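Below are two complexes that have chain A in common, paired first with chain B and then with chain C.
Right, the complex of A and B next:
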């Protein structure tokens, strides 16, 4: 039904859409353009070099190490988040006193800005008076240099990420648990299923649609995550926690290799798109309702 | 179903463990910010033996924190306003008009979910440098909108899609213009969705570190996350002040969560975050 004021909405709509395209699409196209150019800073005149930046990046062993670090970080932190998140949700789905309070507390970490989490974890593991440091010393482990050795640094980054982002999985799985019809459990119990069998044969299959989405989203985010690693280790020690986002940042903003940074960012996006496409083939998202 | 005593104790214990795991670092942050400076540098005790606002006083009087707090507020509110106006109109038009490439528009919004932060930040910074607005709050507002706009359109699209068109038609039959029916019927009914978008736009902007790190370099233009992070390692480490600053950043978020948790959970379920 046409209306006199349609043109107002139309004008605003197209200008809004154009603005969004400009805001989001513009930079991405510009990144592609930059990745084909060589520029020694953001004010220097870029020189067209074709695919040379990509060639340079792909033969760089640092790129493949960053790729490996990123995969390790993403896979371990997603795995732990999903396992812990399901476990937490199973507990929170029971009835117990102060259930609402505990559910609220379990959500809190997810609200915190990454900076707050990174600083609090650094304070907890402060080399001289950090609580964890003191506890470890009392227990006889000595002073553990959390962020100075490759493997402890990797584990610390994973631990902080798991603490911060598990609530997302908990909340989604909890919502999923509440949609499972109780009749399913009763039927399985009549057939003599114990708690473990109930979990494997009723709960998990029923959670599959939720988990498919949760793993996809968490996977995308953990692969792209920049801030927590940068804040905790800056990619160190000796590049042990440097993954593709950090590599792209360092190239563009510390080494002033703008084209190289853009090439790393573009390549990591391409790889992510390929993995996501394969994932969606393997686990098609079921249309709700 | 009745449970045995041992099962109840087990669940109670698990619930306690979850609470402790989730809340302890937050507790430690708050408690550390309220200790006196001397007590911070002695052997830590679980319960504070003294209470002092020294750290807060130092933070607010000596550092750029108050200025950075203002910067954060200004940026977050601007981002919320722009996101709401633009995404409401785009989402409404996509669901109510015959828009060409409708699915492509909405699909591309979802695609924006996958962009690595540097894929946007590197070119954006270059663009801002050539426009002469690098290192300004305006640059940061634009950068944040690249995150919040796709999210807002995606969320509101879901809302408007499920709202029956007949309601507006009825209003229009009764003599409302389209604009009138939009303002009097659509907006009030989709208020939950709009509140959700506002919350998440605020959350993204308020907590963002990555874009602010790239865009802003001068101390007076920094927003809280970057300002606070640069306190660590700049001069001698003052953990009391750092924890006070961290607590003050988290406080508004806790308030929003307690007051509006319904919208928060709803938004999460619709995939409203990016992190």
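Right, the complex of A and C next:
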């Protein structure tokens, strides 16, 4: 006979499932349906065109450029966020005066709204009067072309993203570090391990479950990240920072091509699903028994 | 029977009140739909503009017993909000729109009420009405023409004349560059990023030189040999002018350009009347030292200003008739009050307004009468071309809108100044991108 506790679990489970179906499944199906139709706006009568939108999108060189931009943006920013996040977490895991205050400050960028970070970054990197621009110029490094060249623009959006979201990795890794039993370090030291060996053979393996989740989440979020890039560059210059979410948005909301935008979004969703599936096969979240 | 009391309330009365509130909540949309209310989506978020509309709304409610609710969004979000409201089942009775393709889309989908009779009651300036299938759907409230500002004091001290050609403008940009009070002053500030500002501020040199995008049969005239040559010459000129600009122009938007001019960082800048208002507010020492001119061409034969416009549409709603009555009522004194909320930026599209003593009586319009005369002259002078990417072609259409939104011309400029491609290659790439945008 089911206990009262079971009823609570099932109620929560079905409620969650219903909400997911409504707010996630519904829009996904709607996007899929739209991608099979041609419409110039969301109020226009859609005309069924089958897979024509997909055919049109995949032969567009801008689609593949956007895909490459998205991969570069996601991989570079995740790599930097993870490396820096681990480094900051290792420092914050040490005991030092005002440790709590520093930990609090370290999470600050993550608490700021993206628009604030984007505006601050623009202010710091303004080509003429930006604080960092002027500082670097005064130090003799010349004027940094933050957004003036395709590669520097790509790196600038990565930099802004790393600034904003590294604290998330730091917090997660810091929590992971505090679960590592000190006995493991003591045993390794007895075997003659130095700081580097301790990190490679004790810390990193122990952090693997945390890092698996962090990389997965950050990967999904960065691949779909729209706001920071849109606020900073709108995909420019010369399409250098235009990735699939921006391309989908522009097609659907600016270029009067709702079906094309939905096709880009659907393809992006499919590709991300495949990558996530492969990732979970390679790095399963549960240890095999 | 004993009743458990809670602070003077019985459980029964609480339950009854709760049920009543729930029923009222369910019934409220039905009640709301019967209330005589006009919903007005305003796209001018400046506090004075909102206030002008609210005053009008309060006055209308007092006179006609019709409530007018004003919702305000940035003008760039007005179309999205309008469409969302239609999709959500509560369309706006009146909406602000700032892009001709959006009016076309809504009109073609049967979401707008024609206001041809109301529009035809007035005489309008050139190229400001955009009829769709012979009907007017848009009641315009301003021109946002874009022209060039220059520092008159610098011109006087260097004995420079307002330029008539690209070469003269380039020379003046070079001669007005320098240092002032320890800060570097640049000759020109013009955006080149992927944004509306670039489409609005950086392309009128092409219109002045006779470049067009479409003919009356929607043939891509930009691809013609003659226009390719003209566009390449424009890029050669722009590439040289770019050297007189401050760094960071890929990120420049409307605010950056006004800041560059009003702070003294740039000696020339493109903008509309808003820049004079900004000078009055933030840099009064420059407010009587500006000069205005249209964009020159290459040979000194013609000049241009970039087109800009804003207006209101009436939705196809149960309150549409009342909305038209409201606009009719609004189009006299309150229309002028609204124009006064940005007196030099909201350039009147209705020609009768220029003669209206009430409009002319605004202190800033009186003070800058010379500028107002120049602005009016842009409409009257047959040698001044008024064009923009989004209004190209014989009638409102999605094709120019797609070219506008694809950043075809901002990227053409970027190819020239950031990638140093030859001007011919930049034009060829623009033609290809244009064709892709039209076909897409």
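Structural remarks
FYI, the second predicted complex is superposed on the first by the 262 of 289 C-alpha atoms of A that agree within 3 Å, B and C clash if a C-alpha of one lies under 4 Å from a C-alpha of the other, contacts with A are read in each partner's own complex, and residues count from 1 in each chain.
Here, a residue touches a chain if its C-beta (ideal position, glycine included) is under 8 Å from a C-beta of that chain, and two chains touch if they have at least 3 such contacts.
Being a predicted model, the structure only gives us computed values, none of them experimental.
With chain A as the common reference for superposition, the partners chain B and chain C occupy clashing space. Once chain A of one complex is fitted onto chain A of the other, the partner contacts of A:238 are limited to chain C, with no touch recorded for chain B. After overlaying the two complexes on the shared chain, residue contacts for A:261 are found with chain B alone; chain C is out of touch.
Within the superposed three-chain model, A:202 lies out of touch with both chain B and chain C [touch as defined at top].
Contacts of A:253 after superposition: both chain B and chain C are touched.
In the superposed three-chain model, the partner touching more residues of chain A is B, compared with the other of chain B and chain C.
When the two structures are aligned on the shared chain, A:147 is found in touch with chain C, with no touch to chain B. Judged by the touch definition given at the top, the superposed model places A:56 against chain C, while chain B stays out of reach.
Of the two partner chains, both chain B and chain C are touched by A:42. In the superposed pair of complexes, A:89 makes contact with neither chain B nor chain C.
By the document's definition of touching, neither partner reaches A:80: not chain B, not chain C. The superposed model puts chain C in the path of chain B at one of 20-28, 164-172 or 218-226, which is 218-226.
Overlap of the chain B and chain C interfaces on chain A comprises residues 42-43, 122, 126, 130, 253. Of all residues in chain A, only 40-45, 56, 60, 122, 126-128, 130, 133, 143, 145-150, 153, 233-239, 250-251, 253-257, 260 touch chain C in the complex they form. Interface of chain C with chain A (complex): residues 80, 83, 86-87, 101, 105-106, 108-109, 111, 192-195, 246-251, 260, 265, 398, 401-402, 405-407, 410-411, 414-415, 418-419, 436-437, 440.
Interface residues of chain A, counted against chain B in their complex, comprise 1, 3-6, 8-10, 12-13, 16-17, 19-20, 23-28, 30-31, 33-34, 42-43, 88, 91-92, 94, 96-99, 101-102, 104-109, 111-124, 126, 129-131, 134, 163, 165, 167-168, 171-172, 175, 213, 217, 220-221, 223-227, 230-231, 244-245, 248-249, 252-253, 258, 261-262, 264-266, 268-269, 272-273, 276.
Contact residues on chain B toward chain A in their complex (touch as defined above): 8, 11-12, 14-15, 18-19, 21-23, 25-26, 28-29, 32, 40-44, 85-86, 89-90, 92-93, 97, 99, 105, 108, 112-127, 129, 134, 142, 145-146, 149-150, 153, 169, 172, 177-179, 182, 203, 206-207, 209-210, 213-214, 224-226, 228-229, 232, 237, 239, 242-243, 246, 249-250, 253-254, 257-258, 261, 265, 268-269, 271, 273-275.
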